[in-house]
Amino acid sequence: MDALRLKQILEEVKSGDLPVDEALSSLRTLPYDDIGCAKLDLHRGIRTGFPEVVFCQGKTDEQAVDIVKRLAGHHTKVLATRVAPEVAGKIAAAVDGCTYHSLARILVVDKPGEKPDHAATDGRYVMVLCAGTADISVAEEAAITAESMGSRVERSYDVGVAGLHRLLDQRDRIMQANVLVVVAGMEGALPSVVGGMVSCPVIAVPTSVGYGASFGGLAALLAMLNSCAAGVAVMNIDNGFGAGYFAHLVNR
Amino acid sequence: MDALRLKQILEEVKSGDLPVDEALSSLRTLPYDDIGCAKLDLHRGIRTGFPEVVFCQGKTDEQAVDIVKRLAGHHTKVLATRVAPEVAGKIAAAVDGCTYHSLARILVVDKPGEKPDHAATDGRYVMVLCAGTADISVAEEAAITAESMGSRVERSYDVGVAGLHRLLDQRDRIMQANVLVVVAGMEGALPSVVGGMVSCPVIAVPTSVGYGASFGGLAALLAMLNSCAAGVAVMNIDNGFGAGYFAHLVNR
Amino acid sequence: MDALRLKQILEEVKSGDLPVDEALSSLRTLPYDDIGCAKLDLHRGIRTGFPEVVFCQGKTDEQAVDIVKRLAGHHTKVLATRVAPEVAGKIAAAVDGCTYHSLARILVVDKPGEKPDHAATDGRYVMVLCAGTADISVAEEAAITAESMGSRVERSYDVGVAGLHRLLDQRDRIMQANVLVVVAGMEGALPSVVGGMVSCPVIAVPTSVGYGASFGGLAALLAMLNSCAAGVAVMNIDNGFGAGYFAHLVNR
Amino acid sequence: MDALRLKQILEEVKSGDLPVDEALSSLRTLPYDDIGCAKLDLHRGIRTGFPEVVFCQGKTDEQAVDIVKRLAGHHTKVLATRVAPEVAGKIAAAVDGCTYHSLARILVVDKPGEKPDHAATDGRYVMVLCAGTADISVAEEAAITAESMGSRVERSYDVGVAGLHRLLDQRDRIMQANVLVVVAGMEGALPSVVGGMVSCPVIAVPTSVGYGASFGGLAALLAMLNSCAAGVAVMNIDNGFGAGYFAHLVNR
Amino acid sequence: MDALRLKQILEEVKSGDLPVDEALSSLRTLPYDDIGCAKLDLHRGIRTGFPEVVFCQGKTDEQAVDIVKRLAGHHTKVLATRVAPEVAGKIAAAVDGCTYHSLARILVVDKPGEKPDHAATDGRYVMVLCAGTADISVAEEAAITAESMGSRVERSYDVGVAGLHRLLDQRDRIMQANVLVVVAGMEGALPSVVGGMVSCPVIAVPTSVGYGASFGGLAALLAMLNSCAAGVAVMNIDNGFGAGYFAHLVNR
Amino acid sequence: MDALRLKQILEEVKSGDLPVDEALSSLRTLPYDDIGCAKLDLHRGIRTGFPEVVFCQGKTDEQAVDIVKRLAGHHTKVLATRVAPEVAGKIAAAVDGCTYHSLARILVVDKPGEKPDHAATDGRYVMVLCAGTADISVAEEAAITAESMGSRVERSYDVGVAGLHRLLDQRDRIMQANVLVVVAGMEGALPSVVGGMVSCPVIAVPTSVGYGASFGGLAALLAMLNSCAAGVAVMNIDNGFGAGYFAHLVNR
Amino acid sequence: MDALRLKQILEEVKSGDLPVDEALSSLRTLPYDDIGCAKLDLHRGIRTGFPEVVFCQGKTDEQAVDIVKRLAGHHTKVLATRVAPEVAGKIAAAVDGCTYHSLARILVVDKPGEKPDHAATDGRYVMVLCAGTADISVAEEAAITAESMGSRVERSYDVGVAGLHRLLDQRDRIMQANVLVVVAGMEGALPSVVGGMVSCPVIAVPTSVGYGASFGGLAALLAMLNSCAAGVAVMNIDNGFGAGYFAHLVNR
Amino acid sequence: MDALRLKQILEEVKSGDLPVDEALSSLRTLPYDDIGCAKLDLHRGIRTGFPEVVFCQGKTDEQAVDIVKRLAGHHTKVLATRVAPEVAGKIAAAVDGCTYHSLARILVVDKPGEKPDHAATDGRYVMVLCAGTADISVAEEAAITAESMGSRVERSYDVGVAGLHRLLDQRDRIMQANVLVVVAGMEGALPSVVGGMVSCPVIAVPTSVGYGASFGGLAALLAMLNSCAAGVAVMNIDNGFGAGYFAHLVNR
């Protein structure tokens, strides 16, 4: 509801084209869809051009199916994250055009005929790195998210700091990236090392991979927040989706 | 030391233009300057085109002066952060071209004749918001940093969520920004509200403003990490410099 | 056992109507019912006119059934909270007049012929808001509790701060409420935003909805305790019952 | 800016009494006063009838004086909290009608000729209890706040649970209160004991009084959040102001 | 191995009654029994007259059976704590004289013909209180432990502070106890209230009963450590055994 | 106010010796002395025979002097703890019979002519151990407290576990004690080692001595709560007074 | 890739024996093996002579089997840690020469014909101690690791500080060790006591054994970090592997 | 008091050369020196050949002087750590042969004529690295400690991971070290990176350098405990002394 639209409404009221009650109503009615358990923010999708995103964790299977179905009716692309395989099955049975990425636990609904517009980001790409094999699921959540939004994505996994040569060997691809997503659990040192090598923004994602004094990812989270390298910003523990989303905003 | 440079060295060795020992040496010698208490990373500045940055907290006055002086000899611009007024005085006495921003506690050294190249970012600007009066110092640290690196910066302070109309009134300027830095202490809610309004990346900075259960900024930090708005990444508590630096990388 | 009752007993002792031993006994006997595993506080219900409440979590099924049964014998209304469906079944099989609210996990026992006295609160109503779909269960615990105690309750769910227009659209109903219960997980920002819009008391309930650095609701709890809006008080994580109870005390 | 006002503006636009540009402006101009370091929310005071409140901690002396002065120009009553004695002196020198409550660290500015309207709350009163002598400063912050807003306030201090008879002796006054503020440090047990005695809402305020494992008030805060008595809501550590404000909202 | 015994050995060596090698051996051999997975401290039982105690949590079923069996061969009484029902069954099948207290999860092995010597504590008794029904299991662990060691034990359960009259009604029995064990979860306020009523030592046991901000018993633990009543000492969360053991040491 | 006294009052009411109003009053009047900033619990001292105790930390100098003075008028012995030297001076100037123990920061007021009745505990003694030189101040707080209450106290300081022979050398004195107070900072291991050597109760006191990951005594506190030796109960960090008080209750 | 190898390559380039492109490639190709989910660091094994180690927790069964299989093709010895019995079965079915240590949950793959070279450490041995029966699994992880790497290992289990004579009885073996691994849960006091007895390095390993305020091993971890004995370094909670590995490095 | 000595005493008793009482006394008398505030463990120094160490933090100036003086009378070398400059001055005035290392805050007392026996470690050296300029004080504490004990020490400071080339440039010296001490604050990533480069033991020391979410060194501590590189053990925050001591034990 920007100033332009507001002025236009007022002009129509002045000219009598728009009755006061209707103006009142349109000034008060906002573009969302109330389906009982949720108020779907249809306006956001329209405004930003991004796919709608449903966070499925903590929702019942029925709520997840209902919400995805409803959104798929309004949008050319819908993302659902943290989707367990059995929930993915239920959604796919109810909605056309579903693709399920099991490692990333993401389900994407594409309107038939639509295709990703990677061209939109030219040659610019997001690069997703992760420190260990156990971090791959979070890294893939980031990668699939950015790809679904239209970014080209490069990946390099298992490049943790205890074997620096594996990381240094990827130096060229890393240094030419437009923005980096760096995923690590345990001591979370990878973003600091990478941050010192590049001049593009680094989005650090701590994971809950580890045990004992990792305290569910707290160790990695604190390490990343205290990174001695400038140009590093941090996401919530295991929040691959947020990192992929943020990376696309920067890459766009 | 990229692949190109490496190839060139090898070619020179092959042609005999470069003796093996010299090649060996240049492959092993790295561009930093060891002044005893610090190994100044001269290479980074050259490579990225960014000003050098000195974090003064935890350094003795002498170390701060020495390091800034040395860097000023190699670079057209040097930034020093967390500079207490009396330290700023000592540096200014020893180095030419110092400007001290007292609210931000940042000291900038500009080589005579150099000027900021804001043109580099065209019309694109970083917008810095903060929730309360007590957050202004951190917000200014972000703003001055981004400006010193060459970004145009817009500011809007004291727009906390308890008086939403103050925030909504800035909606146009906020929505046209290229990247946002949002600074807040206490409950740290501002980035979530702003993140829901815009489609550009939001860099959230928790501050230590508050008391009791704010636990030195922990409450705001956790809130920002758990933001329900997509597109929000988080910096360390009170890390205005990091936010300004990151914002410029995105804005560039 | 107030001063009036005490005086009356003493008068009766003086007049000889009440033997000393009986007086002693009644001064020492307090109105509760010891059923072995619990000492049921019958006096509280009589004194306050509120239904008795049984917190079922941590009790064995048998204890839950026994306690509800015994209380139902003394009171016109009994509430049991945190009741798993299978426990609800066992109670309903043993006690007449049970209604089970499965979303809220509350079981209410009404003495036949009794009806809620919503009239008691005239037009005044408690309004219950929640930020996301996953918070509904806690919100319903609050709403059912307040309703069972006799308050009129209005609800508006999924109005989180990342889509402010959904919230602002409810502004009239929110501003006319007598007291608000605001439920949110993740960053817990909703109470601060709502608190800045209204002049009635806001009871904030953090939920354990979230992951990673939400630390089981700690992030939302800290955020609410640090709310920059005046007029916000906070309940324990997931304590919908406490919020509904408190809200009715205010609304009464 | 409620619906009524909105309709009225639209009617005036329709009738031609209000030019579109002026309407646009008044729809977009919000009632606050930007004094550089702060955006004063004048609208809130007008809307709610409550005094304006300035939280002085974390502000410079100059900012505190400026803000109080500006607000005193618009309102019949202004409250400033967390005011150190020397700051109070500076404000009093710049603004007429100041009263400084040193125990509570609150400064009140009354417009000459105005007087508190305690009558507004009839016989209903807020009762403020505290557990120990060291908690009195927080208790007074609550009491002065509620009194300044127009509530009658009763006090009973040093009634901690280790000497129950001191508390029980106040039973009548406590049970006839309309709302209670209960302040305690250390183990924070007082709200639970009081909560079991009364049927009115209890606002619990943990204080940072204690040492060792009180961790700056954390022990009392957690205890109060976990109170086994229903009807207890909790404020931030040492937040006497918030408790007094909330209590007045309930008592009104 | 006290000084007396040492002197005696030396005398025997001097007199030649004890060869040097045997003396050496007996000075170095200490009274424990190494069964591979454990070194059973037989000496402690002999020295203190107390039953041996086996903490079964974290041990395999086989280890638990082996250790109890071995100890039962040396002692007139053995206690095993944290014994799951199925483990109790396995032990009872392998060792004579077992009694299993299912609420307390304690298994006691009595040598046939031995009887508890409660007479040893004359009329003095340990009193065990608990705040709620869900705390009974920990309270029983304390009570059974003290009884097994020879103390007379009185119990009063579900006397939490939210219904003070239930507690005050037990005042006589409480005030005549020789030592108190007070068990409570949630806000852990009971020990402070009881501690203010009595002049005997109070052993406070926090339990993990609660949810949300009880953080597994942390809230109750901190509250008890910060008790404003003198004469209160604290055990680990859920450590009923330790409290019962300590209480018997005092009561003896 | 025990049952006997209650019966007696009732008998007097019955016989007409006590008018109803006076009975009412004496049933309601409780023995404390309200001096404004504090309600002095005179009854407790009378009932238990223990000296009154004033915790001075967090009180103003004036409050400390007033309270000690008032209590000294009613009691033969008064203890004040956490008394800074300058406060001790002010109290001593206002009250007769003061002795200040500077290491323990305890001030004792003895009524002229009264003497400690150590005989009351026969040969039984409390033994106070501490691990390091820096723990002595807390150990002395415990020792002076127990002595002031009438217990004989033995001390052995600087017997930390890193030099076991220093501890073992004290074995006889330790094993003959009636109750032990064991004070330690850093890793807090001493109570576990001592607890395994003796059969009397051990009161463990963590201190804030240490740095880094001792987190103000948290490390020692947690260690003591998790002691593998039975018979160990724990006090708050640095709470020497509480330990001495508890020890005397046991030793009595 | 050491300086020698670098010089050699350069010499070959100079002499024309090595074409520039091949040199470039060998300077950039690093010795690891990318199998998709992991980049196996083959170089490390070759360089250090140590067996390769696979941490199986958090990997899928398939990943674990693949990685062990691949490494077994390059190395004479492979270690896999945190191997559940069923995973061990799958690996053993796919790879020759597997031995599974079930207590330690370690699987070792030996190339046929290879034997451990304990001789390499002469008479020097690592000694592994643990405090309780429940700590044995972590202790064995350390012991098997050091043995697999070639160290002689001595063990002494269940020697916790609550029965010091069990520990002191092992004094000779302990004092002659070259390096100690000391494993303990609960209060974690054993390393401090042992550290005071010996002059060799002590590697302390906290375990998650305990309950309540052990907070998953945090209590033991903090205790060990704060050890008053010099010469104690600490591993992550339950990290027996790390301790065994470190101990071998010292013992070698 | 080893077995040999024990046998010898027994033989002397048998032969009558040693009276029983003298034997008893020497078996019970242990070699320490009780100076009131401390029991100096003279035996330890004699046994291990290491200098005695006095931790001065938390001791009064007088205690520090007394203890150093006394120890200097028995030993050829004494170390005092955490010595403030003014305390160092007082000690140097009272004891001969003092050298004060101000950066490390260590004071060393050498008996005249004695010299360090670096030869004892042949060519083997300890290498001390630190990440930033602000970590130098802790690094020096480690270096001076190891040197005072007789190790050769190499240093390389300001080699943090954000400028990897500074670290890689030191690779040769690092890889030839016998044991490494790696000191870092903030995110504490350096030990992981170094640990992946070397095959010798790495002792990691977190420092309290940082701000905000470094929480006094907690972030670095957790990172180091969770290091993905094997062969890394961890010291308490800022414990340079412990690291230097441990390193010398390994290097010896």
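The chains carry the letters A, B, C, D, E, F, G and H, assigned in the order they are written, with residues numbered from 1 in each.
Please note the rule applied: a contact is a pair of C-beta atoms (placed from the backbone, for glycine too) under 8 Å apart; a residue touches a chain by one contact, two chains touch by 3 or more.
Please read all numbers here as calculations on a predicted model, not as lab measurements.
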Where chain D and chain F overlap in contact partners, by chain label: C, E
Both-way neighbours, i.e. chains that touch chain G and touch chain B: A, H
Which of G-H and A-H has more C-beta pairs touching across its chains: A-H
Listed chain pair F-H, B-G or G-H that repeats interface D-F [over half of contact pairs the same by residue number]: F-H
Turning angle required so that chain F lies on chain H, C-alpha fit (0 to 180°, nearest 5): 90
Chain copies touching (chain E, chain G) - same or different residues, decided at half shared: different
Centroid spacing, where centroids are CA-atom means, of chain E and chain H in whole angstrom: 41
Chain centre separation (chain B, chain C; CA means) in Å: 50
Residues of chain G whose C-beta touches two or more other chains: 3, 28, 44, 132, 162-163, 196, 212-214, 218, 221, 225-226, 230, 236-237
Set of all touching chain pairs, with the criterion as stated earlier: A-B, A-C, A-D, A-G, A-H, B-C, B-D, B-G, B-H, C-D, C-E, C-F, D-E, D-F, E-F, E-G, E-H, F-G, F-H, G-H
In the complex with chain D, residue positions of chain B that touch it: 132-134, 136, 157-159, 162-163, 165-166, 168-169, 209, 211-214
Chain H partner contacts - residues on chain A that touch it in the complex: 131-132, 160-164, 186-189, 192-193, 195-197, 210, 212-215, 218-220, 222-230
Chain F residues touching chain D - in the complex, by the definition given at the top: 1, 28-32, 37-39, 41, 43-44, 57-59, 63, 67, 206, 208, 216-218, 221, 236-239
Residues of chain E defined as touching chain H within the complex: 3, 6-7, 10-11, 13-14, 16, 20, 23-24, 27-28
Residues of chain B touching chain A in the complex: 2-3, 44, 47-50, 53, 171-172, 196, 199-201, 203, 221, 225-226, 230-237, 241-243, 245-246, 249-250
